[in-house]
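Report on one structure; see the data block that follows.
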Amino acid sequence: MKGLILKINCPDQHGIVAKVASYVADYAGNLVEFSQFTDDQNGKFFARVEIDTTDLSVDVDDFVKGFETLGKSLQAAWHFRHQPYKMRTAVLVTKTDHCLNEILWRTKLGEMPIEITSIIGNRDTCKSIADNAGIPFHHVDMDGEKKAEGFQKIRDLLLDQKVELTVLARFMQILPDWFCQEFGGKIINIHHSFLPAFIGANPYRQAYERGVKLIGATCHYVTSDLDAGPIIEQEVQRVQHFHSPQDLIRLGRDCERNAIARGIRYHVNDRTIIHKNRAIVFPD
Amino acid sequence: MKGLILKINCPDQHGIVAKVASYVADYAGNLVEFSQFTDDQNGKFFARVEIDTTDLSVDVDDFVKGFETLGKSLQAAWHFRHQPYKMRTAVLVTKTDHCLNEILWRTKLGEMPIEITSIIGNRDTCKSIADNAGIPFHHVDMDGEKKAEGFQKIRDLLLDQKVELTVLARFMQILPDWFCQEFGGKIINIHHSFLPAFIGANPYRQAYERGVKLIGATCHYVTSDLDAGPIIEQEVQRVQHFHSPQDLIRLGRDCERNAIARGIRYHVNDRTIIHKNRAIVFPD
Amino acid sequence: MKGLILKINCPDQHGIVAKVASYVADYAGNLVEFSQFTDDQNGKFFARVEIDTTDLSVDVDDFVKGFETLGKSLQAAWHFRHQPYKMRTAVLVTKTDHCLNEILWRTKLGEMPIEITSIIGNRDTCKSIADNAGIPFHHVDMDGEKKAEGFQKIRDLLLDQKVELTVLARFMQILPDWFCQEFGGKIINIHHSFLPAFIGANPYRQAYERGVKLIGATCHYVTSDLDAGPIIEQEVQRVQHFHSPQDLIRLGRDCERNAIARGIRYHVNDRTIIHKNRAIVFPD
Amino acid sequence: MKGLILKINCPDQHGIVAKVASYVADYAGNLVEFSQFTDDQNGKFFARVEIDTTDLSVDVDDFVKGFETLGKSLQAAWHFRHQPYKMRTAVLVTKTDHCLNEILWRTKLGEMPIEITSIIGNRDTCKSIADNAGIPFHHVDMDGEKKAEGFQKIRDLLLDQKVELTVLARFMQILPDWFCQEFGGKIINIHHSFLPAFIGANPYRQAYERGVKLIGATCHYVTSDLDAGPIIEQEVQRVQHFHSPQDLIRLGRDCERNAIARGIRYHVNDRTIIHKNRAIVFPD
């Protein structure tokens, strides 16, 4: 489809849908999908609008530009994305490769409109996977004192390659504050527990010790506050007393793969809007 | 909330959302929820619109009436429902009472805006439950030759009591064609299998024989074609080889209760639109 | 079935199954179900054995007594329960009645072999439900300074009525240490979150604030450590951004009802064995 | 672990567990896992026994051989498998590669103890995947009149390579009767629907037309009767009205991958026993 996706949020008020939809209709745009959410508790309006621009009566860029007047009058924050679009994405890894493989596989199948600019690892374990996939691999040493410098290098890579989304695919490093802030809303992590349970290290071991009957994984935006960013997607799976911590790791992998895949898909299709510490998600 | 729910469907065309939303905004209605679906394969547009009418600049009835011009111009079928609303509902039962109990319980809790006009049974097993709940119980004999007459009696009861929705809560009788047609789109059934698997009698026994690893229940609109009407909701549950047919009945009850409760809730909140043999459902 | 259920745990060693099964076979008992778990990490063996005693060659009491020699030689802790059996159960409530209703309903259907000795409430909201069900209701005032005395009264009731299982069916009071210890392993609670997430008060509000995409409920044994006892069963349900805290309460009820029902069923059928802070559960 | 897995089934009778467990104990074998199921309806006993043979007092082969006397006396069918073991497995494909990829990936991770002898395709689409994985690929032409000859070639390949398990990983060919019979109980298929719903071609299209709210996949043993063999595992996923047939294919892939992976794992770990048209599965 040749088109546009509009994400918008603004203070709640009468007539928003009418105004936005009329703007689209006035220039012969076709609303393909209109998803909306009114947050009564915070007096906020959120929407995602998918527009087929095939029959548009004006130039697409003029259409986008002209929206400014309406947007401002609504005191809105908004964003247009031209379709089709492939988001430039970097994947950060350590040793574990199941999330990376899942991302590569779904990308190849066309499930996720991303272009993987590079795979960056603080170990070189995943290099062969990157090579096979024909994607540049960058090994960045982050051990001990090299950590601070390592994050600078990653930053430079992301900027050089005009990366729009950074995915932490089981990247076992805590991000420094400045990094989280510089790329705010553009870093997605998979945490291997059903957050907010089992924050921090070794969540499957924690889950085993606690004797839970369901384990899970959480895909979330990264903020300076460890494992506490807005949640995009969660997945769970039943476990029993006979499952060892190793079994939980095995079973949890399926949760992680599904949660991260859906999380990325929602993000790159502009199906998420972050508001405070929550993510509004219009699933497909 | 004082308000209106509008359900509408029409041939797909540019500007529908704009026109509908503008109509609401023009008279100072507030769109609380706007759910829309465009069926590309059939060129049809469907929407459910929840309108807060507190600040409406005209009389609500005039607002509803005035919509006619727009509706006709869109070649639409549409329906307004005043809120709050309690749908007049009859529950048909035989012996089994778990679905009936679930409906009574959720109604009492305020989960389902219905007014139960009567409980009708071809056995009187559930009479005491009806009595306890203070709801009239009608025993209609349907054995053998009395079946045809029985359905006439039920029809008369439904018409007399101005029933808007008839729920078959494990009512073990096959409805005659004329009945299905007279109350088309206004009868909801719970079938104790994951349709279209195991149509007809003894679905749990069938499921046991087939050795399935998941059992289910299906809540659907009733049509003349047995167990083949539009599906509103389905629910499943894992089973294992050691579960006997009796265990499946026990476990299946939980599926049935949840599926019928959600199905009714969606219907009475006008969250369903029937199109051909499918039900569009905007869940909450 | 006329029979026995044997629960046993002992240090892991060769030949336990052979010895236990041979003891049963030697006296013509028939093993109907044999469930076993070896905990490698702790060097412990656990089993649940269901024995049909119809053809037993000795008196059942002699059979039970005679096991002592074997049990001691295995350094085991064990327990026999005669079947059929109805466990004497007290249900503690405050205002909320959905868990209570679920327990009553499933008991009536024969899903849970319990005899409800009494319903005890620190409010009298649930009295009418108890009356309808023909079960004694005891109102125990626990407000302010009466709390300590209240727990004494409850203790006396439980002892007087020879209660074997106490179910906290949304009983909104924190139990004193001495109470937890006196009835250790015999109190089951339902917590309205997916523990260990959202310990303490208002878990649905906490879940809403955190923006989780799945909510849950946890059925667990009560220990002195609040919400930290061995978990018997957990249940989850998907939620979305548009669900308010009230919606979470509504949706969570279904999790709570299912989790508590299964938890009680497992306990009264001797399908649980507590070991340290985990519950071994052999589900049916 | 150095050990044995024993699968056994026989007419139900007193003392089976005692006899089998005593045989193991008599020769200092250690029961690591003992799973048992008594089918009352058919008067049959089934068990899977995992034995650590580290401390065995006799030679393992003698232990296995000596069991014959007991086995015969129980009128049992039984099978011992030495551990660790890698089952020689052939994967049959057409064009679709997601199930193949899943199998390769989980094998590499150590989740499935198989040795893939070859990948056989009636198209050569998956050749590059086989090449990358270092596994021989055989293209067998099965179009039109070459079909009969094609199955002969596959048979020869399976026999030459001493294949013990054949996995149909979205192999779009109906197997001839003689083939199903020759390899009875040794062919596993993944069907892309929740069987027995939507047997035959295009199940996702069928599911779309029927308007189901859950789609699924079924992993089953292949018999001469199309899509009707014993079910090992099933997986489902929620769908909504807005999901097109293409969306169902996308979402269904996740069901297929999980169901086939678990199905194979259960089979190769001897966790399945086929009885009539049902599969007894002791999951891990």
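Read from first to last, the chains carry the letters A, B, C and D; within each, the first residue is number 1.
One rule holds for everything that comes next: a residue touches a chain if its C-beta (ideal position, glycine included) is under 8 Å from a C-beta of that chain, and two chains touch if they have at least 3 such contacts.
This structure is a prediction, so every number in the text was calculated from the model and none was measured.
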| item | value |
| --- | --- |
| Same-site or different-site touching of chain A by its copy chain C, using the half cut | same |
| Relative orientation of copies chain C and chain D, as a Cα rotation angle in degrees, nearest 5 | 180 |
| Selected interface, B-C versus B-D, where C-beta contact pairs are more numerous | B-D |
| Chain B-chain C separation of Cα centroids, rounded to whole Å | 37 |
| Rounded Å distance between chain B and chain D, as computed from the means of their C-alpha atoms | 41 |
| Where chain A touches two or more other chains, by residue | 242 |
| For the chain A and chain D complex, residues of the former touching the latter | 98, 101, 105, 109, 111, 132, 242, 247, 250, 253-254, 258, 284 |
| Contact footprint of chain A on chain C as seen in their complex | 37, 40-41, 194-198, 209-214, 216, 230-234, 236, 240-242, 244, 277-281, 283 |
| In the complex, chain D residues that touch chain C | 14-19, 21-22, 24-26, 28-34, 36, 38, 55 |
